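All chains are identified by letter, namely A, B and C, in their written order; residue positions are counted from 1 within each chain.
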Amino acid sequence: MEMTLKKPAAAPLVQRSPGYWTTVGRRLLRNKLAMLAALILLALVLMALFAPALMPSDPYAASILKRLKPVGTEHYPLGTDELGRDMLSRLMLGARLSLFMGITPVLIAFVIGSALGIVAGYAGGWTNTVIMRLVDILYAFPSVLLAIALSGTLGAGVGNALLSLTIVFVPQIVRVAESVTTQVRNREFVDAARASGASSLTIVRAHVLNNVLGPIFVYATSLISVSMILASGLSFLGLGVKPPEPEWGLMLNTLRTAIYTQPWVAALPGAMIFMTSISFNLLADGIRSAMEIKD
Amino acid sequence: MTDTTLPEALRNPDVGGPAQPLVIARDLVKHFPLKSKIPGRRAGVVRAVDGVGFEVRKGETLGVVGESGCGKSTTARLLMQLIEQDSGELIFDAQGVGSAQLPMKRFRSQVQMVFQDSYSSLNPRLTIEESIAFTARVHGIGAAEASARARALLDRVGLEPARFAGRYPHELSGGQRQRVNIARALVLRPRLVILDEAVSALDKSVEAQVLNLLLELKAEFDLTYVFISHDLNVIRYLCDRVMVMYLGKVVEVGDTETLYANPAHPYTRALLASMPATDPDHRTLVAPLAGDPPNPINPPSGCSFHPRCAMAEAVCARRAPALSDALAGHPVACLMAHADGGHSRQLAATT
Amino acid sequence: MTYLLRRIVYAIPILLGVALLCFSLVHIAPGDPLVSVLPPDASEELRRQLTALYGFDKPFLEQFVHWLTRALHGDLGTSIATNRPVMSEVMTAVINSVRLAAVATLIGFTFGCLFGFVAGYFRDSAADRTASFLSVFGVSMPHYWLGMVLVIVFSVFLGWLPATGAGPGGSGDWQWDWEHIQYMVLPAVTMSVIPMGIVARTIRALVAEILSNEFIVGLKARGLSELAVFRHVLKNVAPTALSVMGLQLGYLLGGSILIETVFSWPGTGFLLNSAIFQRDFPLLQGTILVLAVFFVLLNLLVDALQTLFDPRIQRN
C-alpha cells in the first residue's frame, strides 16, 4: 500500500516568532543605562579608530620646556605629560592600545576556552577529567598574580602581555563553558537528537552551540573590564606596553611622580580607564538582564 | 507499507514477515555503578535492568507498567539504544541491532521515542519546524524537503503549520508540545515508537485528545507502540498486551483484558487492587501493597517481591523464579506458576 | 566528611602542579637565567661554575625535584639581589601583606555587607539602585588609579596622610598605633573597594533571593517579627558571605602588587615587583610559590568551613 502525505499548499507563516537574539536585542535597546554605556563605548572606539585624524598635536613630540603644563593651557587643552607631550593627543591615541589590550585577550580566550569547555562538557569521561584538572591548576592562581608572573618572566611587550592575559582568562571561560555544556547535554532534546541518529558533531553544532554560546558570551563580556584594568595594570608596572607608545596604564606609570606637581594631569589616564571599564560593565550587565528571558 | 515519497535508502520495508516479532529483547542487563566514596573499594551497583526479555509483535501496542524505579525508563532507553546494555541481545525484525545487517543509523530511522517532559525534549532555540525537520536533515533529506515534511506532519497532528511552524517551544502549551514531539518522532516513518510516560504530565482533557491522536496515527502510519506508563487506566485503554515490571525484572506479560480481569502475579494483583475504587460504596480501605518500595542497590534475595507478597513462603526467599509459561501465552515470574517451584500453592490456568 | 577528605586529597596534585608551574616560569623566560648574576665579562670557567652551582646544567625534572625537596624543607634558595635567604624575605613580606589585606578585607566586607543588605532588603528602591551602582563602581575601578587619586586628595592637597611607606621606621617594627596606622589607611581603603563591590553584589542577590522565598512569606503570615526574619536571613547568608570574604582575602593577597607598588608598601607584591625587574629568579619563584600555595590552602579552608556551616553543599 502506498502512502503519501498530502502536503498543504505552502501557506505563508502567519506567525513568525522573533528569534532569541532578536528578543534579547530588543530588551537591551530598552535599557537606558546600558544604551548610554554603549554610546560611550562607541564614542571611545571611534575616537581610537580615527585618532590620527582627530589628534590636535603630535603625541610623540616631546619638549622639556613644555613639561607638565596644567589642564587648560593654550594649545594643550588637557595639559602635557612629563616629557612635554600633548595629553589630549596621547589619550586619544592611547585608546587604541588600551582598548586593544583589553578586548583581544578576552576574544581569543573566548574562542579557545569555549572550544575546550564544550568538548570537555559534551565528551565527559576522561577527556573531561584531563581538561578540567589542567584548568584547575591554572585556576589555582589568583588572576593578577598569574598575569604578572607570566608577564614578568616573558618580559615586557604587547605580545607577551596579550599572551599572559589570554592564559589567565582561558581557564575561567573553560569552567563556565564546561558547566553550561554539561547542563545542556543532560537535557532531553539532546537525547532526542541522539535518538535521531545524528553524529556528535552534528548535535553539538545544531543543538548545543545555540544554547551554550549565549551564557558563555555573557560571562566573557563581564571579563572585558577586568582585562582592561589588568592590561593597563601590567603597563603600569612596566610589563606591558613599552614607551614611547601611548597607553593609558603606561601613562599612569610615567606620570606617577607628577602627582605632586600636576595632580589632575597625572590622574587623567586613569579616569579614562575607569570610564571605559564602567561602561563595559554596565553594558555587560544590561546584556545579562536582557538574556534572562523567562521561558 | 512504505512511504514512496521517502528516498530509497530511507524506506523501511518489512523484512521478517508478519509472524516475526518486531523486537526481541533477550536477557538485557544494565547496572549503574555507584560512585565509591573510598577509592579502591567498590561501591554497590544499581540494578536498573536485571535480565529483561520480551517481544514486541508487529502492529501491537505493548504497555509497560510498574512503580517508580522498576526499570521501565531504562528499558525504554535500552530499546532505543540511547544507553548500551551491559549484556543481552536486541533483535529488530530478525536483524541484530548494530550488526552489519542493521547499522545503528539505519536502526535509528526505524525506532523513535516520545519523552515525558514535553518542554525539555525540545531545543528552546529552534523553531518547531526546525526541531521536527532536524531528524530528516540528519538522514540526508534537503532543507526545503525537510521543512515541507515537517509542516505536513504538523498539520497531521492538529497544529496548523501557518500558525505554529515558526514558533518556539515556550510559546506552546504542554499538549501542543507533545503533539510536536509526536510529529518529530514520525518524520522518517519509523516502524516502532516508544512512548515513555508521554501523556503523564498532561491535563486529563488534553491527555484524552493526545491518546486519541496516537490511536489514529497508529492506524494511519502502520505503527507499533511500546507505551510506558504508571497510569493503569490509560494502559487499559490503549494497549493490546501489558508487561509488568518489578525491580528490574519482568514479572508478568499478558493480554490486556485477561491481565486486568485475572492478574496472575501477586504484584500485578496488588497493583490493580491499588487503583482507587470509583464506587464510594466500595472503597478500598486497606492498601493492598504493604512494606517499603524496594532498594535496587540491594534487592531482596530470591524472588524480589517476597518481602511485600501476601502469599510469600520460605522458599520464596531462596529461589528467584524465572518467567514460566505454565499459563499459555501469559508468562509469569512466580514460584506458584512452576509445578516444581516448591510453593504450596499453584496458579490455576486461566483462559 | 568524605567530601572534605576528597577535597584535601585532591589539593595535593593541584599543589604539585602549581609548584611545577612556578618552577617552570623561570625556564620560559627568554635569555640566560644567569644574566643577573654574571658580570658581563665573565670567563667561561666562572660561567660553568655558576651554572653547576645553581644546577642549571641538570635535566629539568631533576632540577624540579631538587628545588621542591628543598622548598619543602623551607629552603627556597638565596636571593640574587640581596643575598639573603628567600624564605625569610618572603615571610617578612607576607606578614606585611597579610596585615594590609586583612584590614582591607574587613573594611570591604563590612561596607559590602551593609550595602548588600540594604539593597537586598529594599529591592528596587532608590537605596537599592544607589548600592547597585556603587558596587558596579567598585568592580570597575582600576584600583591603582584610585590609590593615586586618594594620595592626591589626602596627601598632596590635604596633607592628612602619608603617601607611601609602611611606617616611620620602615617596615621593621609595626605597632597598632596611629603613628603606624596612618600609613595603612590609604592603601587599605583603596584595596577594599573591589571586594566591597563583589561582596555587595553577592549579598544583595542572596538577600533578595532568600526574602522572595515562599517560606518567608509563610513565616510572616504566621506572625514572625521582622527581627526574627532578619535573623533568619542572616543565618542563611552567613556561610556564603564568609566564603566570599575568604576568597576575596586570597585575591587581595595574590593581587596586591599593584597597590603595594603605588604606596611602596613592603609586602609580597612589592617584593615581586623588585624580583621581576632585577631578574632575581630564586626570589621570584619563591614568592610566587608561597603566594599560590597560600591561595590554594585558603580556598581549601573556605571550602571546609562552608561545608561545616551548610550541610547542603555537596558539590561534586
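As a convention for this text, a contact is a pair of C-beta atoms (placed from the backbone, for glycine too) under 8 Å apart; a residue touches a chain by one contact, two chains touch by 3 or more.
As the structure is a computational prediction, the values presented were derived from the model and not from experiment.
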In terms of mean CA position, the chain most removed from chain B is C
Using only protein Cα atoms, the chain sitting most centrally is A
Chain centres from averaged Cα atoms put chain A and chain C apart, in whole Å, by 24
Chain centres from averaged Cα atoms put chain A and chain B apart, in whole Å, by 50
Between the Cα centroids of chain B and chain C the separation in whole angstrom comes to 57
Given the complex, residues on chain B that touch chain A span 1-5, 80, 82, 104-105, 108-109, 111-113, 115, 117, 120-127, 131, 134-135, 138-139, 148-149, 151-153, 155-156, 161-171, 181, 184, 188, 221
Residue set of chain A touching chain C in the complex reads 133, 136-138, 140-145, 148-150, 152-155, 225, 229, 232-233, 236-239, 252, 256, 259-260, 263, 266-267, 269-271, 273-274, 277-278, 280-282, 285
Listed in rising order, the residues of chain C that touch chain A in the complex are 13-15, 17-18, 21-22, 25-26, 28-31, 136-137, 139-146, 148-149, 151-152, 156-157, 250-251, 253-255, 257-258, 261-262, 272-273, 275-277, 284, 288, 291-292, 295-296, 299
Within the complex, chain B is touched by chain A residues 1-8, 10-17, 19-20, 187-189, 191-198, 202, 206-207, 210-211, 295
